[in-house]
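Input: structures, listed below.
Two complexes, one shared chain (chain A), two partners (chain B, chain C).
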Partner chain A sequence: MSLAVQRLSREFRSPVTTGLIAGVLALAIFGVVRGGTFILVDSLVTGAIWALVAAGLALTFGVMGVPNFAQGEFFMVGTLSGYLVYTALSGVQGRPYVPFVTILMALVVGFVLGALVDLAVFSQMRRRIREGWVMNTFVVTVGISVVMINAHQLIWGTDYKGIVAYFDGPPIHVLGVSVALDRVFAISVAAVSIAGLWWLLSYSRIGRAIRAVSQDEPGALMVGINVGRMRTLTFAISSGLAALAGATLLFQFPSFPFVGVKPLYVAWTVVILAGLGNVGGAVVAGFIIALLEANTGFFIGSAWEDVVPFALIVLILAVRPTGLFGRAVRSVWEQ
Partner chain B sequence: MTAFLWRRRGLGVALLALAVLPLVPPFDAENFRRWLVISALLAGWAIAFDFTAGYINVVNFGFAAFAGAGGYASALVTIHYGLPIWVSMFAGVILAGILGFLTGVLTLRFRGIYAAVAAWFLGLALLGITRNVSPITRGPLGLIVPTFFSTDSNLPYYYVVLAMMLVTYLVLKAVTESRAGLAFRAIGQNMEAARASGVNPTRYRILNFTLSCMFAGWLGAFYAHYYAILTPDVMATSQTVQVLVAAYLGGRGSLWGPAAAAFPLVFSTEWLRSNLDRFPGLDLVVYGLALILVMVYYPGGFAELVHAIRDRRLRLPGLRMRTAAAPQPGEAGAVLSDVRE
Partner chain C sequence: MLRVTELDAGYGFLRVVHGISLQVNQGELVALLGPNGAGKSTTLKCIAGLVRPWKGDIAFRGHSIGGLRGDLVNGLGIGLVSESLNLFTGMTVYENLLMGAYSVPEAEKRRRSLDFVFSLFPRLAERRPQLAGTLSGGERKMLAIGRALMGGPSLLLVDEPSLGLAPKLTQQVFDALRKLSDDGLTILLVEQNVTATLEMVDRAYVLEQGEIVLEGSAQKLSESEHVKDVYLGVMA
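Right after this comes the complex of A and B.
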């Protein structure tokens, strides 16, 4: 993270970024003054989860060069396995450890499925495709997304499979806003997972190897890193995080085939805003997008939540084609 | 002129076959004719899509939104001004062209995935706007649109859309065979090298986007006046995905490949959908698997297969090798990438 902080402080020398950050802060203050503190609390809760989904997306792009269009479908897998596990544990519901077991199982399912997808598809492509890697994998992930959505429909149908709440205690009060226990749970899970991801990437041997692969593949190969395994691991971590986010948000997103569409869109806006492949930036941008959505929903109407962020992102891109913090990855993956 | 026609003898044969097809059993059944209409429409869209994806190498991921905008423009003009459909369709062309032009301008500085995502977001924003300005578009309820003909038969619609597909193909093919086409390919392969050799990427990228979207909007207008009901769903990403699947299965950068792939694609998915309705979603699972398999094992698609057979690079039973096999492109690259692995 210190690296991210360093890069951030360097970015502040750019007037465009400084202006944008100032604009976001102004938006936050405006929202709180005119709308109320709930906008801030809302943005923090949803922003944390968006950051989690988007961090995985940024990671796969940064390390493997795969712009994953199926990230939302791994979120869907998380909601589905969360639902199945939670209902299977119905005998012991109410015990405080059940939600934790549920989301851990979802994490495992997403992780294993991601590893399988990488072995079945991307490892095969690596051997065959020499040019146009980014666009080709993008199209392949479109295919993966279509298959996963319709496999869900084929096997489990189109009904909403949801739960009312993981915890049914009274809501707690933050800044005069009452926050349901499930949302407290969600933000805690997101915070712990992001911290865990950051620790993994910064300090562990595996994380160092993953970063080496993302920076210099031949170099990583030369020092004896198993590049193929690191890529599989990266994809598995990323899909595991998405599934974890899905299971955690099950109370808000009941599982059905297209549940991943909204998280996918949001994750992509976040990642584009941050600059593709920038994991630290994605966490910051997750909160920015959530703030933007909360403000749009309150001041313009929730129907426009899907319009304003997209339009704004395209405008920001027009000013900064590589996103807010995207300088580092520019040369490697532009093709 | 003779040479021009002779080079297009394959197109002539294909067109003749397509024109006769709805009159021959079993294809003269009304549901088969409907599938033919859908196929020809998808073929036209796939050609327009490939014109961008296969040449300047930018995937217009908001494609369906531009096509749908063309449909809405045409529908609204006929409804409010009572103009004949043949005229109002050009409102669709103009609106989609303007949107394509603006997208081209906005995404100029982006490459590859950034341009695709920017076009996607613009498409999503357009979809959201269409859904939200319900006083004009009636939102998700959908517009009731006058149709071309007052008949229930699909046959006249089929010939209309076949003609539109043909015009799309001929115009875009002519452009790709002109100097502009050369410039497109140069930009698509290596923008810096193209710029260094005096190609102005700005002008050609905008030209490409505008043309592609104009034809998308034109065919979108056909969609509106064929289905008679127009909902914002026509602009959804899943529609773009359909066009993209046809274009990639057919093979990028050939224009005819995507069109040829659209017919078997629509027929197989529609057949699966109507015969295996106990398994909803199975048709799209097959769809997605086909896309993945082609992209992983044969990214050149159908057009590459035909080229390989024609150039006798591929040994097929019954085809005698008359010339020595041409060297595989990128054999040296294969060795290099093996080393990298």
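Right after this comes the complex of A and C.
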């Protein structure tokens, strides 16, 4: 536990970081006071999901050095598998376990597909490429994204494949706002997944090995870690998380070929804001972005939702090029 | 225990190790000496599976391990303390040591190794919750040796432990290596600190520009004209 405290205190060493966090808190309070508590609830739900997608992105970059521009398509795969599984289970819909089975299946599909993509593409590239790894893999992930989008279009068409809601019970009331059960579901799933990821990376043998690879590759080999397998696992986890997020938000993002574009851009914004490769920072930054979006949407207009966060990020990066929590590129958790 | 035969290795088009052969027997403490750029680290990396040999054979306990991946070589019982240490700087001392025992499944064995490392370097026990990246140079070196020992190796490869250390600390690290060797561990040590090394080891090889130019017992080498001239700065 002391380790977590140590990490946290390091995050807040910089006055810019502390100032920004204070600013965000102020914004949250302002939004709640002027707009209503629903802004806070809204930001918590979307923030949790952005955090999930962005955490995977940060992990992939920190461990593998791959700037994954296909992450949105794994979100898309999540929405698609969620839709297919959910409609296939139409006979037993209404049973409380169905949404859980659905998102678990999406998680598994994303995980397996991620593992296959790493084995088929990045593992092969690793054997051959010595220089320009980041640039080369960047181009390749864009290619993977195009292939996945077109495969979706070819096989399932371009129409929206969505659901109204996983749960049809009455909304619950929190802080004077009524929150649909699906949103409660989404935030719970995200919270459990993020906590699970945090535990995995901090305390499990495999998680330590993943961090070891991100901190020192030859060092990892020297202590007997199968570095290639850890990379495959990392990509699979990250893809699995994105797919899980997609399936969980199916009520809000019906599946269609380009559904991954928005999550991809948001996740990249989050990761750049947090500092490339920093998983813990990505989670915090996910909430910051969601809060900005919700406030912008309410006070300025929903057309500006994407503009304001991006503009702010340009500003922040001008002051702190390594991102909010970044000391330097590469490394999961710490540097 | 370890037998390297006619090893060729290099980077890109550049060959830096030219057909060297060397041997380390069970329980021996053997040094590989030589000037900067001679290819000492490259040789160790080849043995440890971090650099792929071009030609020649590396045999460990009679089995060929040339070209085997580093993690598998480690699994066979070869520990490496590299020149740059390759510590996990964002992890604590304790976590680094734990990672050293990554391929040791028995918790009891890991605990005993940990006690042993802490008794060898009490300093590490004091620094247990500290991040490896914030350790002093000497402490880092101890941690790297400790991490390699956590895997319970039967052969330890150590690359220039004296690099960047004050004479007093160097002596401490050398004493620790000597003690490990006395307890039966087989060690191949790369060094440039020739005087202190020859006082400690059983045998040594001298590597120059990728070739072995001299080999023999520590005593024989200390008396050799070449070593005196080039490495000990004694006018013959």
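The definition used in the following text is that the second predicted complex is superposed on the first by the 319 of 335 C-alpha atoms of A that agree within 3 Å, B and C clash if a C-alpha of one lies under 4 Å from a C-alpha of the other, contacts with A are read in each partner's own complex, and residues count from 1 in each chain.
As a working rule, a contact is a pair of C-beta atoms (placed from the backbone, for glycine too) under 8 Å apart; a residue touches a chain by one contact, two chains touch by 3 or more.
Every value quoted in this text rests on a predicted model; they were computed, and no experiment measured them.
A.B. asks: What is the contact status of A:257 with respect to chain B (first) and chain C (second): first, second, both, or neither?
C.D. replies: First partner only, chain B.
A.B. asks: Using the superposition on chain A described above, determine whether A:208 touches chain B (first), chain C (second), both, or neither.
C.D. replies: Touch partner of A:208: chain C, not chain B.
A.B. asks: Looking at the overlay, what does A:274 touch: chain B (first), chain C (second), both, or neither?
C.D. replies: neither
A.B. asks: For A:144, is the partner it touches chain B (first), chain C (second), both, or none of the two (neither)?
C.D. replies: first
A.B. asks: Touch test for A:290: chain B only (first), chain C only (second), both, or neither?
C.D. replies: neither
A.B. asks: Looking at A:218 after the superposition, I want to know if it touches chain B, chain C, both of them or none. Which is it: first, second, both, neither?
C.D. replies: Both partners, chain B and chain C.
A.B. asks: Contacts for A:313 in the overlay, against chain B (first) and chain C (second): which applies, first, second, both or neither?
C.D. replies: Once the two structures are laid over each other on A, A:313 reaches chain B alone.
A.B. asks: Of chain B and chain C, which one contacts the greater number of residues in chain A?
C.D. replies: B
A.B. asks: Contacts for A:105 in the overlay, against chain B (first) and chain C (second): which applies, first, second, both or neither?
C.D. replies: After superposition on chain A, A:105 lies in contact with neither partner.
A.B. asks: Examine A:226 and indicate which partner it touches, taking first as chain B and second as chain C; both and neither are also allowed.
C.D. replies: In the superposition, A:226 contacts chain C only.
A.B. asks: Residue overlap on chain A between the chain B contact set and the chain C contact set?
C.D. replies: 218, 221, 227, 333-335
A.B. asks: Where on chain C is chain A touching in the complex?
C.D. replies: 48-50, 69-71, 74-75, 79-80, 82, 85-92, 95, 98-100, 102-103, 129, 131, 147-148, 151
A.B. asks: Please name which positions on chain B make contact with chain A in the complex.
C.D. replies: Residue positions touching the partner: 57, 59, 106, 109-114, 116-118, 120-122, 124-125, 128-129, 131-132, 241, 244-245, 248, 279-285, 287-292, 295-297, 299, 330, 333-334, 337, 340-341.
A.B. asks: Using the touch rule from the top, collect the residues of chain A that touch chain C in their complex.
C.D. replies: Its residues touching chain C are 2-3, 6, 205, 208-209, 211-212, 215-216, 218-227, 331, 333-335.
A.B. asks: Quick one: in the complex, what on chain A touches chain B?
C.D. replies: Residue list for chain A touching chain B: 67, 121, 124-132, 134-136, 138-140, 142-147, 149-154, 158, 217-218, 221, 227-228, 257, 265, 268-269, 272, 276, 303-304, 306-307, 310-311, 313-314, 317-318, 321-322, 333-335.
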